[in-house]
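Chain IDs A, B, C and D follow the sequence of writing; residue 1 opens each chain.
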């Protein structure tokens, strides 16, 4: 089976992953309208291709928060990579480094931050966190990440409670016994119920800033009002995200929300996006609409499921090639 | 089979109810365009989710006509509950009371008003009525309801004649011999043909007001013009409804009609809605567009069909949980 | 099998008619876009239903060109009724008279005008004609129709050449040997190729007026420009029609074109419509948008195919009942 | 099997061509959105048909760059005709001449220009070219074409790199050993990788003009900006084209882009179009929106695959008949 485009990896993962793992990765909230809309929205956006421009030399490198990556696409935070591949997040970290791009490691990793960091020394890594009811635990995580060389904190803000993913409930989803949320003391079931603090507000950004010198990126913004608040609270970046459609159903597609966020931000901080990226031209569309960089979630997991770090590199390489070709053909 | 969302109850009811009963509950008029549009219209409405708001404490209680209910969702009037569960409307009444919400008992109940009332003493119950050709019969029903402690009258106005529901005609739908329209002297076939008075006009509201001290709610309004007329005739509430798409086909979805009704009413009376509510976020959308409370029809019957009052409580609890979660995730 | 709505008759005809006849009646030009659009366009038109109006007495009779019919729906001209039922147009004429409505007999009838007229003495009948290359033949037909008591001439104007109906070509459609175009000397194949005059223009209306005292109705108008021309040339009525989507594909649905025609005509002549009427509420929509009366084509043939004049009466009765109910429910 | 419309030829080709050849001809870039949109866009364009115009005599001839053709449709440049029919481009040339229309021979022909020219002496032939990295090779081709009597040069501008056609990658598409790109020294694989020059810009138009007296037509324009540039650079014609959706996916349908190009050009040069033409009324729509002539790509190959030059003539004749009929029916 030739792996030509991301759908091939998706089909592979659907076929070979245990159903409970596939369902968990694929899940969207409620009717999955937002999950699907993330993808459909790209199809409504049309290029205006230009011709006869010299596209023999194209530089697709970019910088995010001052660090160069090989092309404007990184790996979004997703949990439980060992469900996709035995080495879990260590493989993810290696692939990201090999492709010279950014990996946002999730709090819900099945490897420790120390293992992730050691797997890709000097790779560009950011750390995704939630604010816990137990603030000391959050503080400890932040300081651990900073000490290990993670270069930014990505605060996920759209999970005051976990979204309702029907298949996970039907499957009674839980981690297999040999996997652990190694960065937390609790096991997953406990975390899901009680770890996260639903009373977090914008003021907690100040608290977070007091803990760390790392730049802070807010993930989960979908409106101009929240974009403005983020800038005013002194964050360094915004990820336009709806959590892959796994939290509130019937919100906007991220590529649609991007436009108003970019307009509100007016260049004061960098704006990124995740959700629905499935081919290189999707990346180009997001950049044309003002994103500095995009991040992939599920496609990274499909790559892992296919062949671990090698499979993920395949996914990244395909996206990179498609992105470059789209740029050339769009002039 | 896990009962995770309302579709699960729908699938159960479709599988286990006698076809003639399922068809009767599911029926829409003509091509069922309006029945289906009631649901589809919600999918076109998108949230603008806000983040970093303190959603640790949320009060989802509300008051309708001054009485508190546990969350803004009640049970719309539908007929023939014994088709779904042996105890019929008595079970419905018990479930509504257990969940501390409002039950609008139908004239076409297969239990007497006295039985319904006794099944849930001190539960919040309203009584739905039609104006009959025989006004004395209507008067008697109104006064019986008032005496029994029903707290409002819901006048259904969109049935001057019964809508054309093709499957019911094909099935030759009629009640099984052991069920009766216990609140009426006639049997169903007679009622359908001749009971209701198609000459009823706004003036009859005055007549109804002269019979009772109960507040009067008009059910079946879909336009701003009729909303204005309702307010001017001194009613206490409006239910935006198209009878679940069972009367005139090709009218608007109720969630679409809600907007113009709310705007016309300008807060002078309470505005409710029924039709197409299938998940908690639908409730939130209706409230965001100005409804004070919504009511469910078919989903209540699916709950009954599943496990009587217990099944209906499951349905209500799922909607309540989903509603609360949507509110938190939408900020 | 209960015959509840027009789809039931359609399914019956599709099942029991010879394929070549079904295909001929069902055919649309090219990709059948316009044929299908005629129906789909109705679904996009929504009622604004009003309540609490006295609908106990409704008069659905109307007058077309001064003659009363039982409800605003007649039978459009279609050819070859013997393909649907042995008695052919004689049955059609009888059904129309029994239901007290108007029948437009086609030039391509398989019964003579004399037979059609005799089958329904004193029934309201109009005669549809084309202008032939051989003007004397046209003149003779007009005068025959007038002498027999047909009360109007309906000039079809959208067939300078026959539309491309793919299935008819594949089937090598032709009339069975025992059927004849009895009102013409030539047989069908000859007619199709050479009978009609593609050079006809508006001036020929004057010629037609010089031949007869009958009112003249133009069938095939889809634009305001042609509507204005028709009025200026002194016709008495317009049928908005695209020949059931059998001529030019990719023109507008008739219900969509109706609006601009009605606006252009400003009441100076009566405006009718055919195409896509499948339930009583379609009739109501057309009337609400300004049509004085509508005509059915294929559904009449399905009725004939079911049970001859009795089947056609069933179709008309269903439409009449649905129309009356829609009116009541729409207030 | 009757060959009634172009879909019949498509079905035939799909059935009888080797899969690898069918896939190559059918391929679109990435998700094939643009390929499919080329066709879908026509369905959104509606005629406003006029009646009672004299359509007995219609002249459908036109002139392109001063030369008369029998109707406004020619054959677009496509490669590898021997994949469809043993005689390859010689058959194409013969069919075009027999139908008195224009054939644009591709650089990627499997016959030599000399063979193509000799197959249809005095036929109207244009030559499609790319600008190669090796400019001398391009120059030689241009001068060979001019010497052979080709009457215009069509410069394809939307292939700085080849689009990503997934099926071709899966199939490992390459020419069978007995076929050659006879006009080039290299074989196909080499060409694909390295022949074309991605650094070509508008200035190279001047270079091309210096080589030849032939008129130059730019193929691949989709925006008003590039249309203006083309006119300013002194070209004689524009083909609005997206390479049949084989290059950049998610660009506009050509019939949609045509409108802005025609408006920008304001009659200064002739504007043509290819992409999505599947029936005669598509041609009429393109002409109504300002195209002087249209060209067919895949349908020509289906015709070849059916019966060589005879099959292609069938395709052209069907389109011609349909075009004429559409004109008559649209008035």
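Here is the rule we use: a residue touches a chain if its C-beta (ideal position, glycine included) is under 8 Å from a C-beta of that chain, and two chains touch if they have at least 3 such contacts.
Chains and their UniProt names: A, B, C, D = (S)-2-hydroxy-acid oxidase.
Everything numeric here is computed off the predicted structure, so don't read it as measured data.
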Open item on the list: Same or different interface residues for subunit C and subunit D, judged by whether over half of the residue numbers are used by both?
Closed with: different
Task: Furthest chain, CA centroid comparison against subunit C - done: A
Task: Rounded Å distance between subunit A and subunit B, as computed from the means of their C-alpha atoms - done: 43
TODO: Between subunit A and subunit C, tell me the centre distance in angstrom, where each centre is the average of that chain's C-alpha atoms.
DONE: 61
Open item on the list: Can you list every residue of subunit C that touches 2 or more other chains, as numbers and ranges?
Closed with: none
- [ ] Would you mind giving me the full set of chain pairs in touch?
- [x] A-B, A-D, B-C, C-D
Open item on the list: List the residues on subunit C that touch subunit B in their complex, please.
Closed with: 2, 4-5, 42-43, 45-57, 279, 281, 285, 321-322, 325-326, 328-330
Task: Of subunit D, residues touching subunit A in the complex - done: 30-31, 33, 157-158, 160-161, 163-164, 166, 169-170, 197-202, 204-205, 218, 220-223, 225-226, 229, 242, 247-252
